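As written, the chains take the letters A, B, C and D, and residue 1 is the first residue of each chain.
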Amino acid sequence: MQVIADLCLIPIGVGVSVSREIAECERVLAEAGLRTKLHAYGTNIEGEWDLVFAAIKRCHEVVHAMGAPRISSSLRFGTRIDRAQTMDDKIRSVEEKLGAQSQ
Amino acid sequence: MQVIADLCLIPIGVGVSVSREIAECERVLAEAGLRTKLHAYGTNIEGEWDLVFAAIKRCHEVVHAMGAPRISSSLRFGTRIDRAQTMDDKIRSVEEKLGAQSQ
Amino acid sequence: MQVIADLCLIPIGVGVSVSREIAECERVLAEAGLRTKLHAYGTNIEGEWDLVFAAIKRCHEVVHAMGAPRISSSLRFGTRIDRAQTMDDKIRSVEEKLGAQSQ
Amino acid sequence: MQVIADLCLIPIGVGVSVSREIAECERVLAEAGLRTKLHAYGTNIEGEWDLVFAAIKRCHEVVHAMGAPRISSSLRFGTRIDRAQTMDDKIRSVEEKLGAQSQ
């Protein structure tokens, strides 16, 4: 089962800056061979369900190992069985509708 | 690694009412032996990471099997390594502070 | 427009324990006259859109005033125009389906 | 108070495709003069709190007016009082750490 997910991980108890931990998660996700795209409030992730969720677990493990006593994540994830759809497909689908509106 | 999670699963393309699918997810989570608590915008889940996420995957599989072509879920999940904490502990901790304020 | 929302507010840069800030948000929401229900990963809120979102803004203001330099919240919120539905209705609707399954 | 938000709006009861509604929300957010960035699981939004939340309310109103009987949104939103930070700053901050790692 393919999944498109969006992860926002927040280390708690490490101070105000969390970019070092987020960067480490980017590295974990990339090493897992997943397609990802960082944005200003999370990271899009695309791949096979088990690989995606194993990598997310690894993110929590790694951020704890960096010293964060507590982590709270928010995740969106979507699956569909009617047809295949990539992250790029989703964006293109909206942009096509926007193009049609502006004509 | 213990996790406390909060799942809000939305079947898409099945019409306006989604309670039949949510009820089925409750059954899946209960059958997995997880402690859960339904609320008005999701379900609290507590347990070992792998069991919690296996049950969440099963929810997507079961809701697709019920006929939903597409599912979008939003999940919060927290882990901590400084000390053990249950769902009840989290609520009690806030309520104690509320009690202290009102005295 | 009525809204049912679910707020999870995370103060960042105040240490590992965040229950003092969450308790203060409970007080803010109650003072706004909103129906609320605390759970293990957030708070259900029900009310008129403008009142709900004004109270959520006040939560951020108050938690900053308590000393949190940074806050990250995750919010679910739902509206419907086909019929009125309360937080209790949502839970009852799922529980009725669960009851029907177990018979 | 400046806020950086991330909105994922799901119309319920309109069928499997939701891109027409999402495109309309993009238009609403742009007309509100807000800086936005569409990604594969939502839209980053940056601006003054009241303007951002007024535009989000307008998204719900417009999508209902398009025929959606029910909407469920998930929103992340962050504020900070220690320093100003834009969406671009957040991404750059992570990318700098990634660059430092790979050297």
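As a convention for this text, a contact is a pair of C-beta atoms (placed from the backbone, for glycine too) under 8 Å apart; a residue touches a chain by one contact, two chains touch by 3 or more.
Since the structure is predicted, the reported quantities are computational estimates derived from the model, not experimental observations.
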item: B-D against A-B, pair bridged by the larger set of C-beta contacts; value: A-B
item: Most distant chain from subunit A by Cα centroid; value: C
item: When subunit C is superposed on subunit D by its C-alpha atoms, the rotation angle in degrees, nearest 5; value: 180
item: For subunit A paired with subunit B, centre-to-centre distance based on mean C-alpha positions, whole Å; value: 19
item: Inter-chain centre distance, subunit A versus subunit D - centres from mean C-alpha coordinates, in Å; value: 16
item: Centroid distance [mean C-alpha coordinates] between subunit D and subunit B, Å; value: 24
item: Contacts with 2+ other chains: residues of subunit A; value: 8, 13, 16, 69-70, 72, 74, 76, 78, 80, 82
item: Partner subunit B, residues of subunit D touching it in the complex; value: 8, 10, 12-13, 15-16, 18, 69-70, 72, 74
item: Subunit C-touching residues of subunit B, taken from the complex the two chains share; value: 4-6, 8, 16-17, 19-20, 22-24, 26-27, 37-42, 44, 46, 74, 76, 78, 80, 82, 87-88, 90-91, 93-98, 101
item: Parts of subunit A lying in touch with subunit B, wherever the complex brings them together; value: 1, 13, 49, 53, 57, 60-61, 64, 69-82
